[in-house]
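Following are the structures in question.
First subunit A sits with subunit B, and in the next complex the same chain sits with subunit C.
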Partner chain A sequence: MLEVRSLKKVYHGRMGGVEALRGVDFRIGQGEIVGLFGENGAGKTTLLKSILGLLSYEGEILLDGEKIHKGNIGRLSFATCEHSFFPNLTPISHRDFYQMHFGRFRDKRFKALMDFFELSTKTAVKNFSAGQQNQFEVIMALCQGADYILMNEPFVGNDLFNREDFYKVLLGILEPEETVFLSTHLIGEVEKFVGRGILLQKGRVTGDVTTLELEEQGRALTDYVKEVCGYRPDRVNRALEELTQG
Partner chain B sequence: MKWEKYFPPGYAYEMERNGAGLLLGLGAVLSLSFFGRLHSAVDSLYEYRNGSRVLREGALAAPFGRLVAEQWSFYLPLFLFLAVMVSFHYLYYRQSTKSIYLMKRLPGRWVLLKSCVQGPLLGLLAAAALAGLLNLLYYGSYLLVIPGECLP
Partner chain C sequence: MTEGKGTIKPHRALSIWALLARCSIFNIFAVFTVMVLMETACVYGYLEAGQGRTPAEVISGSRISLIFFGALGLVLLILARSQGVLREKSGSAMGRLGLSNRRIFCLQAVYNMLCLWMLFMVQIWAAIGLVRLCGERIGGSVPASFGLFLTFYQSDFLHCLLPMAETGKWVRNLFLLAALSLGAAGGMGKRGCAVLNLLFVVTAVWFVSPIGINFLDLVCMLVYGGAIAMNLWRQFHSHVQ
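Right after this comes the complex of A and B.
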C-alpha cells in the first residue's frame, strides 16, 4: 500500500513561495492501475517526485506503513518524459547497471520487451528516435522489479499505434502485485487501461474514482474529469463568436 | 584497467583522464626544480680559497624538508582541476536527460557520491604516489650530494 498523507510542497523563490501541493491524501493498494490527471501545473510531477524522494516535502508518504528510504526505494520505479537513462550507454549496459543495483531486475521481461519493440540492444540510447527513447524509458521502469511503477507522461512523442501497443503489452505483462501510477493528459486513451483515476487541481485532490463506479453510472472518465474540473464546452464557441462579431 | 568504473555511467572520461595526466606530468616536471634548490644548497656549503673550492667550516646544509616544502604547490592546478571535475560529474547527470533521478533512487546509499568523486580521487592518489616517489628520489640525491658532516 502506498499512502500519501497531508502532503504539502512549497517551492521557494525570490518572489516568495509557490504552493504546488496543498495537503494531498490518498492510498493506492498493490496491484492497482491508477491514472493521475490534472491540468498543467496541477502538481502531478511534484507529487510523483515527492513520492520518489526527489523533492523535500511536508507530510507523510508511506510504503506498507514505512517511510520511503534506501531500504525500500527499490520497490518504486520511475519512467519520465524527461528521461532518466544514460544517453551514451547501450540498453545492454543499462541492463547490467540495473542488475547491479536492483536485485529483482526482470531480465526475461527486458529481453521480451526489447524484442517486441524492435529496439537494438547494442546501440547507444542517444541514437534512438524520441519515440524509441520513451519506449526504452518505460521498459527499464517495468523491468526494474519494482512493486510500484510510477510514470510521468511517458508516451509524449509516441504515435497513437505505438501507445496502443504499449497499453496492451502493459496489461498483458503486469503481474497481480505490480502497481502502476500513471500521470498523463491522455485521459481518453488510458480509460480502458486504468482501474481508477485521481484528479489533481491546484495542488489538491479533487476527484478519486474507480472506472467501475463510472461504468455503473454510465459515464466516461473523460466526462468525469471535465465535470470535476468545471470545463465549459461552450467557452470556445462564445469566445469565437465575440471575436468574429467585432 | 577499466577506467569507466571510476566515472559516471556513460561519461566520456578520456579527455578528463588525459587532462589530469597532463597536469600530473606538469607538476612532476616543475617539481624537478628541486635539483636547482639542491644545487644552491650544496653551493652554499663551499667557499673559494686561493681559487679552490673548499667546504666552509661548520657549514650546515638546509634541511631536506625545507627544500621540498613547496612541492605540493606544483600540483595545485591538478588539484583544482580535479575539484572542478567532481562538480562536472554531478552536472553530467542533469545534461540531456535526468539520469540524476535514477542515481538518487538507487538503493545503494553512496553510489551517486562515489561516481562523482572516484575518478578525481584516483587522480589525487596518483599525484600523492608520484610525489612520494619523487621525494624518495630527491631524498636519495640529497643524501648523496650533501657531505655527511653538513647534514643537519
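Right after this comes the complex of A and C.
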C-alpha cells in the first residue's frame, strides 16, 4: 500500500514561499489503477516527485508501512512527459542498464512492447520522434519490475490512436499486483481505464471517488471532476458576451 | 535492490561508469586527437621556421601549453555538461537506482578523474614524441634519452606535467585533478559553473610555474583545496538523498 500522510511542500523563492501541497492524505492499495486529476498548478507533479523522493517535503510517504528509501525505491517506477530515459543510450543499452539495477526487470514484456510499438532497439533514444520517446518512456516504466508505476502526463504529444493502443495494452499486460498512479488532463480518455480518481486542487485533495461509485450514481468521471472543481460551463459564454458587447 | 551501507556492487558501479562514458568518451577522445594533431603541427611549424635551439625552447616557443589548456577546458566542459544533462534529463531514473546521490556523485568524480588523468597521460606521451622529433631535427651531442630527461627539467610546462622527483608539484597536481573532477561532477549549476570557471582560470594562469614549490603553487593548492571542501560539503549536506 502507498500511503501519503499530511504531505506538505513549500517552494521557497525570493518573493517568499509558495505552498504547492497543503496536507495531502490518501492511500492506494496494491493492484489499483488510480487517476490523479487537477488543474495546472494543482500540485500533481509535485506530489509525484515527492513520492519519488526527488523533492524534500513535510509529512509522511509510506510504502507498505515503510518510509521510501534507497532500499525500496526500486518498487516505484516513473514515466513522465519530461522524460527520464538516457538520451544517448539505445533501448538495448537501457534494458541492460535496468537489468543491472532492477532485479525484477520484465524482459519478456520489454521485447513484446518494443515489437508492438515497432521501436528500433539499436537507435539512440534521442533520435526517436517525440511520440516514440513517450512510448519508450512508458515501456521502461512498465518493464522496470516495479509494484507501483507512477505516470505524469505520459501521452502528451501522442496521437489519439496511439493513446488508445496504450490504454488497451496497459489493461492487457498489467498483473494483479501492479499498481498504476496516473496523472493526466485527459480525464475522458482514461475514464474507462482507471478504477478510481483522486482530485487535487490548490495542493489539497478535494475529491476521491471510485468509478464504481460513479457508475452507480450514473455520472461520468469528467462530470464529477467538473462539479468538484466548480467548473461553470457558462463562464466562456458570459466572457464572450461581455467582450463582444463592450 | 538494496546496497549495504558501505558497499557498492561492482557491476552497478561499472554500469554507471559505462553510462557516463557513453555520454562523453567519444567527444573526449576527439578532443585528445585534435590536441595532439594541433601540437604536432605547431611544433613542426616552429621547427620548419628554423626557430629554437633546444627541444625545451621549441616546446616553449610553439606554445603547446595553450593547446593543452584549451583541451583541458573542453574536456571539463564535456564532462560537466554531460553529467549536468544526465542529472537534469534522467534525474528521476537515477534517483530510482539503489545508489544514493552521494555514491553517484563519487562515481562521477572517479570517472572525471580518470578522464583528466588520461588527458595528462596523452599530453605527456605527445610531449615525449614531440621532444624526440625536436631532438632528431635539431640534433646535438647528448644521447636521446638523456635529452628527453633534460627537456622535462628545462621546460617549466613539461616539468609541471611530469614533476619527476618534486613531491610538492605532484601533490599540487593531485589537488588539481581532484578539484576539477569534483567540480565537473557537480554539474553546470550557477555556483558549480562559477567554481569550475575559477578553477580553470587558476590552472590556466598558474599551472606553469618554475621548479620548486613557490607561492603561486601554494595559492593554487589553497584554491583547489577550498573547491574540494566546498563540493564535498555541498554533496554531503544536500537535503534530498
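Just so we're on the same page, the second predicted complex is superposed on the first by the 246 of 246 C-alpha atoms of A that agree within 3 Å, B and C clash if a C-alpha of one lies under 4 Å from a C-alpha of the other, contacts with A are read in each partner's own complex, and residues count from 1 in each chain.
Operating definition for what follows: contacts are C-beta pairs under 8 Å (C-beta built on N, C-alpha and C of every residue); 3 or more make two chains touch, one makes a residue touch a chain.
Fair warning: this is a prediction, and the values are worked out from it, not measured in the lab.
A.B. asks: Once the two structures are overlaid on subunit A, check if subunit B and subunit C clash or fit side by side.
C.D. replies: clash
A.B. asks: Going by the contact rule set out at the top, does A:Phe193 touch subunit B (first), subunit C (second), both, or neither?
C.D. replies: Neither: A:Phe193 stays clear of subunit B and subunit C.
A.B. asks: Just subunit B (first), just subunit C (second), both, or neither: which does A:Asn88 touch?
C.D. replies: It touches subunit B and subunit C both.
A.B. asks: So in the superposed three-chain picture, is A:Phe102 touching just subunit B, just subunit C, both, or none of them (first/second/both/neither)?
C.D. replies: both
A.B. asks: Of the two partner chains, subunit B (first) and subunit C (second), which one does A:Leu76 touch, if any: first, second, both, or neither?
C.D. replies: In the superposed model, A:Leu76 contacts both subunit B and subunit C.
A.B. asks: More residues of subunit A are touched by which chain, subunit B or subunit C?
C.D. replies: Counting residues of subunit A touched by each partner, the higher count goes to C.
A.B. asks: I'd like to know which partner A:Phe166 touches here: subunit B for first, subunit C for second, both or neither.
C.D. replies: Touch partners of A:Phe166: none, neither subunit B nor subunit C.
A.B. asks: Examine A:Leu55 and indicate which partner it touches, taking first as subunit B and second as subunit C; both and neither are also allowed.
C.D. replies: second
A.B. asks: Of the listed stretches 39-47, 57-65, 129-137 or 165-173, mark the one in subunit C with C-alpha atoms clashing against subunit B.
C.D. replies: Among 39-47, 57-65, 129-137 or 165-173, the clash with subunit B belongs to 165-173.
A.B. asks: Overlap of the subunit B and subunit C footprints on subunit A, residue-wise?
C.D. replies: On subunit A, the overlap between the subunit B and subunit C contacts is residues 49, 52-54, 70-71, 73-74, 76, 78, 80, 83-89, 93, 97, 101-102.
A.B. asks: Under the definition above, what is the set of subunit C residues touching subunit A in their complex?
C.D. replies: Listed in rising order, the residues are 1-3, 11-12, 15, 18-19, 22-23, 85-86, 89-93, 95-100, 239-241.
A.B. asks: Could you please specify the touching residues of subunit A with respect to subunit C in the complex?
C.D. replies: It is residues 49, 52-56, 70-78, 80, 83-89, 93, 96-97, 100-103, 140, 144 of subunit A that touch subunit C.
A.B. asks: Over in the complex, which subunit A residues touch subunit B? Could you list them?
C.D. replies: Touching subunit B: residues 49, 52-54, 70-71, 73-74, 76, 78, 80, 82-89, 93, 97, 101-102, 124, 126 of subunit A.
A.B. asks: Using the touch rule from the top, collect the residues of subunit B that touch subunit A in their complex.
C.D. replies: Against subunit A, subunit B makes touches at 8-12, 96-102, 104-109, 111.
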